[in-house]
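Two complexes follow with subunit A in common, the first pairing it with subunit B and the second with subunit C.
== the complex of A and B ==
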């Protein structure tokens, strides 16, 4: 049987060999952590602690700023030393709560609810929301919101995203391999919460050991299956994953997976959900891949949220060559950041370091109109025509060729022979076309 | 650590195999089998003419870019491709200056005047050919050389026909030119001498003739000599994702269907199935479909648009070949379709994944 997949996409070098075989290591407690108030999509959290206050590990330090928001908890034990602006892994800045540790790791009291599987769905959701869980694949959408579809959108399928199609990253790979049972427990809870009949774990074919182990662990489960997916980027993009596993197409123009009865969660998120519901453990640590050709000892580290990237790198032995580019996340959709003194957040899946040769880009040529960007686009839009619209302020053309449907996976820019920075142009187009669409809606209302 | 890092928009990885120059040089490589076959059948003069064309193209590009004070890009290989294709559109009896003028025109008027690579509306090489054809029609469309293969087991063919098999009653025009011109001559006889016309058409659309045409044992321009060699190059480009199958296949398929339907002399579908095969492999169709219609700059970018482009070129080619004044219509068909590309792209915007039906 052929592997399941989606139309379009690119075949990139996966570069996962650097860190693939490094078992998850627990990073020693950092002396200081910097907890961003905005680590997710939605309203930033609001601090509930003051500078100088002592906090325990896992203690609430910021409450959600609305329904689409999450609380933050202290990742280490110590004293709140500062609430100030700080570098954010998305390349911007944001407000952080700085905690200076006292070297101890005294947790708030956790429970071990033996009856956790039979809790009512609402209680489960409350615990997930209380633990501050957001999607850990990168986008960071609050999990409890994703699990609360309106009544007219019944969910029949939960898909766990174990694809990890970004090159270099191996964090999800290690989680599936080392925490197989926790992933499955998390999936079962998610299915229970939304009342889904079937669960699917999507794993790319370059992780045969994960597929095998997961299938063995699920041998007795009738309504959970593992789908082996073709090695192709962006196989792990939400809509593409749903299509590969179920052949359902999420509607464009802002359609959500719930429109086709599906909820997708990352495997790491599933583990966090399990821990939140059973132990009421807040999300204060995650697995992150530190990798790159020039990293001395690439690793998969379980580190506390708010740990500085510079400390992660130091723990991995530093680099063998000068660093020219630092990427937070994966190389296809991650952010190039200007300083290693940036703290990791709940969505930080990777820290990559590139040398000069890897960091430099060739000069941009004129578009050759080769059409490869159209050929590879998983959203089936026409990137080069969007870009020519944006370049000449022809916003109607940009809109017509689908600028708002772009998910910025980067396949077009990856393949472009003319080295055109398509995503950068499309970003400009999204801003302007989005503004125009909102204006149109407003004037239609008036 | 005080070092500054490079900050740029994602993605941070790039397919290193795909650059403008690697694409162009691979096209050059893909044209080499055809050049080798031209040398084999027509002698080294075909190589010399190609070199003249390439040289003139490079010099013109260099001179114009110097004049415009913009970066010189002759190393990206695109001028080389144009130079080769200009020469490939000429017959081997051409004087040395013909490819030179063709290339100068192709680069200067066909490409640089629009702003250089990526901006031109028409395929530069075909524009060069059209210019030469308008200026020196007798040099471009006459003086076809009978092939002189280096090995004795191959006969010296006339239009792919064994000279001994040509009916004595055939008019002189039948033996002088290319297989397509011979076909035109034969068809023109259909009123005055239908029997002879049918006999000649059958001689042309025969397995023997077609296999000669396929290998290249025919009169013709340098580049279209061997369909086999061109297909080898095209397969390489398709394998490297440099050309998509959509334009060439839809183009050739359209010509196949239409020549089969209308090519017979006794009404619809009266032709032998060999006639469309003859039409596919003779003339410039293989060269045009795989190497000129697929020119990235002057063809549509959308999948549907590529199919429309191919079908349109196929219709035009068939119309010119069967009913037009010229025996061959590939170059004009492609040029005409080039004009339609902006419109085609406009009409064939792809439907986004998950498009909501209104």
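== the complex of A and C ==
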């Protein structure tokens, strides 16, 4: 039987060997953490602490700025030393709350709710929102919002995303392997919250040990199954994963998974959800992969949110060669950052370092019209035509060929023989076309 | 053979007649003035007038009483022509030119934070970590302004700096719209003193990050010395109100970093030195007497 998958996509080297066998290590407490107020999609959080205030680990330091927003908690014990602008792993800058630690790790009181499985759905959602959980796969959409679909969109399936199709990253792999039970408990809670009858855990075929272990753990569960998926990028993209597991197609033009009765969550998020509902533990740490050919000891680290990348790298023994390029996240969809003094956020899944030979780019050549980008595009849009539209300021063309449907997976740029930086062009197009669409909506209202 | 000729001939005749009838019946009356004005306009279709092209502007003049002096590339000559066609009087608008308010930005006088290998336009570069320049306000140097210019008025010198040719520039705003950092201001061509920095960073920071050390450091010297109170400090940056400026050049003299540009700075300095010498000589002569 062939493995389940989706149409399009590319076959990239998975390069997971560097860190695959490194068990999750807990990183020692950093001397300082920098907690960004905007680690998620939606309104930034609003600080509720002042400079000079003492905080305990897990104490609320910023409250949500709206419904589509999450609160932030102190990752270490210490004193708030600064609230200022700082580098963000998405390659921008944003406001951070800097906490200088006092070397201790005194938590706010956590409770162990034995009856956690039987709580009403609203209470569970409240605990998730209170713990400040957002999607931990990278995009960072607030989890409680994803779990609150409108009444006319019933959800029958929860899919856990354990695909981790990005090369190099092994954080989710280690979580599935080492926290199997927590993942399953989290999935059951998620199913209960949205009232789903079936749960699916999607895992790529390059992790046979995960699939085996998960299937053993789930031997007695009738309504949860594990789907082994073909090794292909972007197998872990939300819509592609839904199609591979259920053969349901989420419509383009802004369609959401809830339109086909599905909610997708990352495996790391499932663990955080379990801990939030049972212990009311806020999300202040996550597993992050530090990898690359030039990293001395590639590792999977459980580190506090707000730890500087430079400290993670130092803990991994530094690099063996000069660093030429640093990527926050995976190599396909992550962001190149210009300084290692950037703090990790709730969505940071990886820190990758490359030498000059690996990362140097040639110039762009003229489009050959070979059509490879169209062939590999998992969203079924025409990247080459979008790019030519953006290049010559023909925004109607860019919009017509689906610039807003692009999820920036990077398959087209990976495959392009002319080395055209399609994603960057599409980024420009998204900004401009988005502006035009908003203007149109406003003038339609007026 | 003969049959074919007859059939094709008949078809040709039929269609010809059809076209002739249609052209008479569906004839649209176009105001000849519109055509004449379109003809008089420079056909650059630059959009400086605020209309999508020259024809649209011509139509607006005739149909909606639009002002006659909106064509920046045409200048006084075109205004005169349009006025003659419309039978109205019109005064040509002030000639305006673009000024790039940054003296850094060339590849030889910018400090880079990282090596940028992406798409070579300013719009793309600014998406990656807010551009490779250390200064987060300055010119990126990927020539979006020059490629937007329809009059070939922006060139690049050997240091990679953008130079605006004041003769060719028509003040059509295309470059100002293309610049993602909003560095380009359109000002009257008569004004010659400009503050060529757009950094709102604090003084020490802007001095550190500027490639050729010509950043405005927000010291307020120019604000204090300006006789017309034309300069205002806005968020660590001196901003010149061109309406009040009399181009005396005092601000350029007192500016410690050279952020203020005055083409006559040296001539004025020379004149002042001469005047000083003269005064000293006169004083000496008076003393001797």
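Remarks
Here is the rule we go by: the second predicted complex is superposed on the first by the 446 of 446 C-alpha atoms of A that agree within 3 Å, B and C clash if a C-alpha of one lies under 4 Å from a C-alpha of the other, contacts with A are read in each partner's own complex, and residues count from 1 in each chain.
Here, a residue touches a chain if its C-beta (ideal position, glycine included) is under 8 Å from a C-beta of that chain, and two chains touch if they have at least 3 such contacts.
In this text, all values refer to a predicted model and were calculated from it rather than measured experimentally.
Contact with subunit C, but none with subunit B, is seen for A:364 once the two complexes are overlaid on the shared chain. Of the two partner chains, subunit C is the only one touched by A:92; subunit B is not. Of the two partner chains, subunit B is the only one touched by A:414; subunit C is not. Considering which of subunit B and subunit C touches more of subunit A, the answer is B. In the superposition on chain A, A:424 makes contact with both subunit B and subunit C.
Once chain A of one complex is fitted onto chain A of the other, the partner contacts of A:154 are absent, as it touches neither subunit B nor subunit C. In the superposition on chain A, contact is made by A:333 with subunit B only, not with subunit C. The interface of subunit A with subunit B overlaps its interface with subunit C at residues 91, 336-339, 360-361, 421, 424, 427.
On subunit A, the positions that touch subunit C within their shared complex are 91-93, 336-339, 360-361, 364, 421, 424-425, 427-428, 431.
Subunit C meets subunit A in the complex at residues 113-114, 117-121, 123-124, 127-130, 132. Interface of subunit A with subunit B (complex): residues 7, 10, 12-13, 91, 167, 239, 243, 249-253, 255, 310, 322-327, 331-340, 352, 354, 359-362, 365-375, 377-382, 384-385, 400-402, 405, 408, 410, 413-419, 421, 423-424, 427.
Of all residues in subunit B, those touching subunit A in their complex are 1, 3-15, 18-20, 22-23, 115-119, 241-242, 244, 296-303, 306, 345, 349-356.
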